[in-house]
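One chain, subunit A, links the two complexes that follow: it is found with subunit B in the first and with subunit C in the second.
Up next is the complex of A and B:
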């Protein structure tokens, strides 16, 4: 049971990181980054290339993944989003982002091949035995690291000048401009942060999914599910949604065939969208009946 | 006195529909100028163009002698042009203090920001009491004071206000107008846009009347306030 729990939480941590990165971009641009799963894949494949093929140190692989992801995210921002003009008034980004994700997946297939490549666990796969359960240090580290990233991001949002500006752009983009905030710069920084989170998420999930061009096709969708369950753009929500989804999936497979696992996540997502469109945290018991603070 | 702002033959179009048909006006340093007009006259559009939010189709906007019609809102804020937008636009989930800090976003010096914040709190004691409260929880009048204080955080040269009386109780409107009148002689130049023009005309030096994208009248506030057409259309029976 403990083993299942640890695995569920570590998968949940990955979902949470995806939901967090999707939320970072959504909060400032109101855009759902349909390309995010592919970015994670690119990061993981880059890291695999450095570590598995060229036998460079682990940290070099992570660093390369971060750099490559950042560059690709900037390219995506300029080609798929900014080039379309005013993003608040058109939705063509759905097509361009989806298209970019197809392009990235296929380029990755051409460059890296279609193999499922093993990827090393952190700490060489060392584990700790508690009772009759064996928990990988990698899983524990994944959970801790995801929480650290989440808390750090939350602190940046609440305590720094960049965070204040980010929230300002996300609430009232026009008024933010009147404050002298360059929303373009803030959005680019969000894309950069999302790229970094994607790279880290990719490296952490790769040992479980194996590194391949299609490693994030299913798991990527779960990221969106987690983001929607937790409430889009809400940092705490991303973690609630991510961990909830990871845990439910792992516990449910103890009772139903594993093949139905993915169906459960999406049914859950659909139920949340129908009954709590603002995400789980928008439920009355969490807001104590207070609604949005907005007052016109 | 030198002209701080001079707008010449400014035209503005949304797509192909021209909504401002070549207006010209000027503001001298230290003046309070009111721009009167009904709904849809083009008042807010004019202010958006002056603050860099929207691009004009033709004409020029000279500020301190330089054309600013192609500059971004950020660079205009740095040059001392601040707009208090219609409906106040307080950041609802930022605290009062954070709203003020956002107002000082372009200011690099932490000391200057602290001094400025202190002086705002002295001027608006209510804001000091509520410094940790979310902007969205303030009353309309408090939000308007916060919106003005937020714009003053960078010590602007030209302060523009888009319908500051909108949705406020008459007694609060008085307060806002007294505040604006108190800026006189401090070196701050004010461009005030209003639909209900009584009090605005009382505190301003000169006024312009904008009607469906054309400037139809200008003069000292007393002249404009005394014009029968203005009395009928904008001042009502007082």
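Up next is the complex of A and C:
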């Protein structure tokens, strides 16, 4: 049971990291980065090539993944979003971002091949035994890293000047501009942060899914599911959504075929979208009936 | 105007000949093609027709109703698997199986359209993406019935015991495709098509024009899903083998790309797009990697470089083809006046509108607090107040765009609080907006025609079969819309696009659209903002003329000269609370108003 719990939480942590990165970009641009899954894959594959093929140290792989992801995120920003103008009225970003995700997946298949490559666990797969359960240190550290990243981001948002600027852009981009905040710069910094989080998430998930061009096709949508379940753009919500989804999935696999587990997550996502569009944290019991309606 | 439209008529004739010639040649080619293109290409073109059906369906959901979905693959798969399994496992005849499969796909579309009652935009895209993944998982996991990931063999295609040959398959699918095309075309050219485009462009304007947005969108999705279901059923029997890969995410992306390439929202765009995208991989020997890569790149580039697609681009060059020449056909000497918009229904109470204790709070902020006032039948009533006083909020709460925290609003004695915007529109309120809400996809004339739908409309079947009733009603509606445009002075702009008008003309156009509804109460939200001095003058004359017809007017305005000049009664609010009410003369002299509204020093 403990083993299932640890696995569920570690998968949940990955979902939370995806949701966090999606939320970072959403909070400033009001768009959902539909190629986030592909970016995670590119980061993980870069790390795999450094670590698995060229036998460089682990940290070099992670660093390379971060750099490559950042570059790709900038490319995405300039090729898919910049040209569209106002992203609120021009919803074509949905199409360009999905297009970019198709491009990234196929470039990765051509560059890296179609093999499923094993990826090393942290601490070479060392584990501890608690009672009759064996828990990988990798799983524990995945959870720890995710929480540390989440808390750090939350602190940055609340305590630093950058964080204040970010919240200003997220609240009223036009007004922020008038206040002398370059929303363009803030948005790009958010893309950069999202790229870093994606790279770390990719390295942490790769041992479980194996490193391949299709490693994130299954879990890709889960990131959005976690983000939506927790509430878009909400750091706490990302973790609530991620851990909830991870745990539900692990518990559910005890009862139904593994393949249908994903279907259940998506059903859950659709239900949350329909009944609680603001995420589970927007439910009445959490807000004590305060409504956050915006003026038309 | 006379001259330009006469040229337009000549051009239209010229273009139409060319257009029919192109269509004739294309149709003749595809009707005779199986005789000379060889076995491989007969199959190739048949598949293209199937994609055309899917693309036409997707165009109705996306190009008309304005939702980017990825559910095409799921609906297509639903049609194919239901039909394939019924035919093979349960020996159901093809026609019955295809019918059930089509309905099943229609049923599946409710997952998305019912979500559309609660959420919109990106959320719907995610719901559709989720639906696609769910359907794929179910197909793979239900291998006992569906054959799982290794695929499913479908029995030979037979209709009434006759086995369908390759060429017969070709013609059957071509016929279905042409049917779908005509359906799409008839819907687009009817009031339903205009309704779809309106709700795509502006949901609020659509509901105030009496469109039940969610219901109409559901119908649009349903039509789209039925087409995908038919395509699926045909595909299962055509290919005799179905596997999950044929219906995955890449399939949805391809259909999306077809519509984008050809032109989203156009009629022939989906067909042209399907032909191009289907043929494209032939240029590089169907290399799977390269194919997806190019598709992805095309998605990124096309929506930025050519957002209206090839057909949209071409159509812009031949705009005259779409001109509605009703203005030209109308006899010029007929006297048009405002009287016909008259409201002769003088039943009901003396006050057309009664607002009782209207309150709207946003969290802790009270935008409107306990506001009560009455609008006398047949009067012009002004609602004024400083910026942020809660005027627009009041109007939004009266028209169902926003729901008041408490309070009641009666229109002609009927309680309208809690009713939806489209219901309120049917009860007789029409309005304009502080920031104009015109339908960008429709011409000026079509924008006004949207206002006539409240009085005269017709069912979906009239639209699909282009019935006599439709022709009669559409003609009447267009005549009336053109008359109203002439009346307000925009007669020569009928075939312009609304965004090409000046801001003053846009305001007038919006008033025209609200007037043609023949409302009991006309609400104007800052009608003179952005108007020039002479336009304002012209406008106050129009307002008086509207009043003479018996229509009551409630208007919000900052322009003091017009407020004082035309109003019968003025209500002044500040911070959401009524501070004064009376005839213009009293208000002008009221010290409280002067202090709140004009500032203390100007006294």
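Just so it is clear, the second predicted complex is superposed on the first by the 292 of 296 C-alpha atoms of A that agree within 3 Å, B and C clash if a C-alpha of one lies under 4 Å from a C-alpha of the other, contacts with A are read in each partner's own complex, and residues count from 1 in each chain.
Basically, a contact is a pair of C-beta atoms (placed from the backbone, for glycine too) under 8 Å apart; a residue touches a chain by one contact, two chains touch by 3 or more.
Worth saying up front: this structure is predicted, and the values here are computed from it rather than measured.
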Which superposed partner A:254 touches (first subunit B, second subunit C, both, neither): neither
Residue contacts on subunit A - larger count, subunit B or subunit C: C
Which superposed partner A:181 touches (first subunit B, second subunit C, both, neither): first
Touched partner set for A:102, first subunit B, second subunit C, both or neither: second
Shared contact residues on subunit A - subunit B and subunit C: 292-296
Touching residues (chain side subunit A, partner subunit C) in the complex: 31-32, 79-80, 83-84, 91-92, 94-96, 98-107, 109-110, 221, 224-225, 228, 257, 259-260, 262-263, 266-267, 269-270, 273-275, 277, 290-296
Residues of subunit A touching subunit B in the complex: 161, 164-165, 167-168, 171-172, 174-182, 292-296
Residues of subunit B defined as touching subunit A within the complex: 51-53, 72-74, 77-78, 82-83, 85, 87, 89, 91-94, 98, 101-103, 105-106, 134, 136-138, 150, 154
Residues of subunit C that touch subunit A when the two form their complex: 68, 70, 111, 114-115, 118-119, 121-123, 125-127, 129-131, 133-134, 137-138, 140-141, 204, 250, 253, 256, 260, 289, 292-293, 295-300, 303-304, 307, 362-363, 367, 393, 396, 401-402
